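Letters are used for the chains, namely A, B, C and D, taken in the order the chains are written, and counting of residues starts over at 1 for each.
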């Protein structure tokens, strides 16, 4: 088994078929990269959204408990 | 499967109208195939526009074709089988959207689904009526259009027969799509998108029949394939539609 | 309780936790096989005496076409499992498989068209295989469109699973009929790929690429499935814990 | 499927009927919870609907009344817990139950392109029975008019006329049967349902207004709100 082309230039040219071959391989690389990368980005975004939602719920819960506590305190004062 | 078969035979015995005075459980609410079929036919006859519109569409679009591609008789006669078949396909597809819609909206589809009888026969009755009011008139009209498009004389009979067989398959296959999209508000284009690819074999063998006859070959084999497709579709498509109806009703 | 493993397999949570261990292995193996195959196929495999160097597109065209078809069956089978055993996970897999399959079908179509230019002198030829691929692409698009059309997720799952199943019944028929149609209209002259006559020195890189594509498919399918699980199960306790645990305390 | 966490919330009047003899029992829900789109609508629902009695399901809009009814008639299988018909569990008993079911839902199941007579014939009624039933719901003189020419209330009556046919099935499940009826219509329907109960049938209905039939049990879905523990039981593995 040996490299089939004399030079790098002839490897890229592929006897005139270079544009077709490289366009095909380029498109494949593009599509495969998009396939592999989109879920990673989406997962990151989802996690961020969920975390934000969790923080909001936590804040709401804390606000509710402090409000209840202050009410109780007010009743005691009365 | 076994128990279903028993129920079917029971429901067939309990013909509507004869059950009066019989015990509670035998109350015949299950419409038999004939009742279903006749009801659909009555409904179709009362909505005449549903019958006429696909036909008008078929004729109008085909009349447009020579305006688009030119009036040369030779070119038209070469394209005639394909054009007529594609238009028949579109006309069937467009009329199919409303196949289950009315019944879904007024709740009678739900009532049918509640019957202990499988949905196979109600679907078959509906598709049969749909074919009778769209496919058969299209086939009957096709010689006229063949004449307008300069179709060769030996192509008329195969065109008619292939349309009769093929539109039945189209109605059956399209029913699956209609059942899948019945719960959606505007299914028009989606229905075309999901059903068109499934129409491919019917289209190929439908035009193939006519082309073979025009080329002077026997068109028996192509008709046989169309018949085989119809047989498979008649066996499977109502089952798939029944499943799709249950899915849509759950929505 | 021998079925427990089966139902645990259907649990999205179980899959999410287990699959994180598989991912690096799958991804690493896929990428290394693919890079070996690409270098081998582009640089070291001998030139084809008839087609010249343009044949090197085979090393991506054929694996993509393989996976496009296999992917449809993977999608349909997981949909069927979801319909029959009501497994949440299998519907997620089905939905994740649809865009991946469509992308691979697109690759097969694109590379086929580009390959056609130096071979036939034109980008698009209604070659039997390419036409079948195109119809397969439409089938994928139909499943994707239908699954997205329902506002209620479960209905979309079931409806598109049923459509995918109907498609699997049709695919062999479509392939056969397109094949027949092609031989009718233009007798086979030069086929892009003829597996029987391929030399071993060209064949081994092809096998490597096919294996690489399969692994890549598995890897990407897992990635997409995991993302969709996270999206769907956002309400559940375990996702909240997972997200909360990995959250840097920013607030 | 079932978890002991649900039991604590089962404190409705209907659940006290659990101790009654199961013999004459027709429809029963045990520890039933339904979800829709990932949200649990109600959980731990218990009720018993014996032959000769009626059950009114109450609850605010969106509490899950329709979902409960669709679950009971088997249109959706998204539930946890048990539903039993004559002591046999769903989904095995579903086809038997359906053969003894008369269901009138939100969409009445009246075909607009048919006349009232034809609609009833489609449901298997003989001509003179259909005529009498249409008389009973006050549609005398409209028997042969197409339903698309009738008003919404009249269409509703066509659907309800099925209840007046002789030899009606054992179990009636009615979604808001009293809606769009005038006072006389409500009274007539109530007496029809009373007659059905006397013959040993059973009725499950939803209604926003009081229903004057006896014996009538009530279930309020608000009493079966899911608690945190349910959510975990639902999703935890």
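Criterion: contacts are C-beta pairs under 8 Å (C-beta built on N, C-alpha and C of every residue); 3 or more make two chains touch, one makes a residue touch a chain.
Keep in mind the model is a prediction, meaning the values are calculated, not measured.
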| item | value |
| --- | --- |
| Other chains in touch with both subunit A and subunit D | C |
| B-C or C-D - the one linked by more C-beta pairs in contact | B-C |
| Cα-centroid distance, subunit A relative to subunit B, in whole angstrom | 46 |
| Distance from subunit C to subunit B - Cα centre to Cα centre, in angstrom | 33 |
| Approximate Å spacing (C-alpha centroids) for the pair subunit B, subunit D | 36 |
| In subunit A, residues with contacts to at least two other chains | none |
| Per-residue multi-chain contacts in subunit B, two or more chains | 250 |
| Set of subunit C residues in contact with two or more other chains | 152, 154 |
| Which chain pairs touch, all of them | A-C, B-C, B-D, C-D |
| Subunit B to subunit C touching residues, read off their complex | 176, 180-181, 183-184, 187, 190, 193-198, 200-201, 204-205, 208, 211, 225, 229, 236, 240, 243-244, 247-248, 250-251 |
| List of subunit D residues in touch with subunit B within their complex | 70, 73-76, 78, 95-96, 98-103, 105-114, 118, 121-127, 129, 146, 165-170 |
| Residue ranges of subunit C touching subunit D (in the complex, touch as defined) | 8, 11, 13-14, 86, 152-154, 232-233, 235-238 |
| Parts of subunit A lying in touch with subunit C, wherever the complex brings them together | 1-5, 11, 14-18, 20-21, 23-25, 27-28, 31-32, 34-36, 38-40, 42-43, 46-47, 50-51, 53-55 |
| Subunit D contact footprint on subunit B (complex, rising order) | 3, 7, 14, 16-17, 19-31, 35, 39, 42-43, 46-47, 102-103, 105-108, 110-111, 113-116, 246, 249-250 |
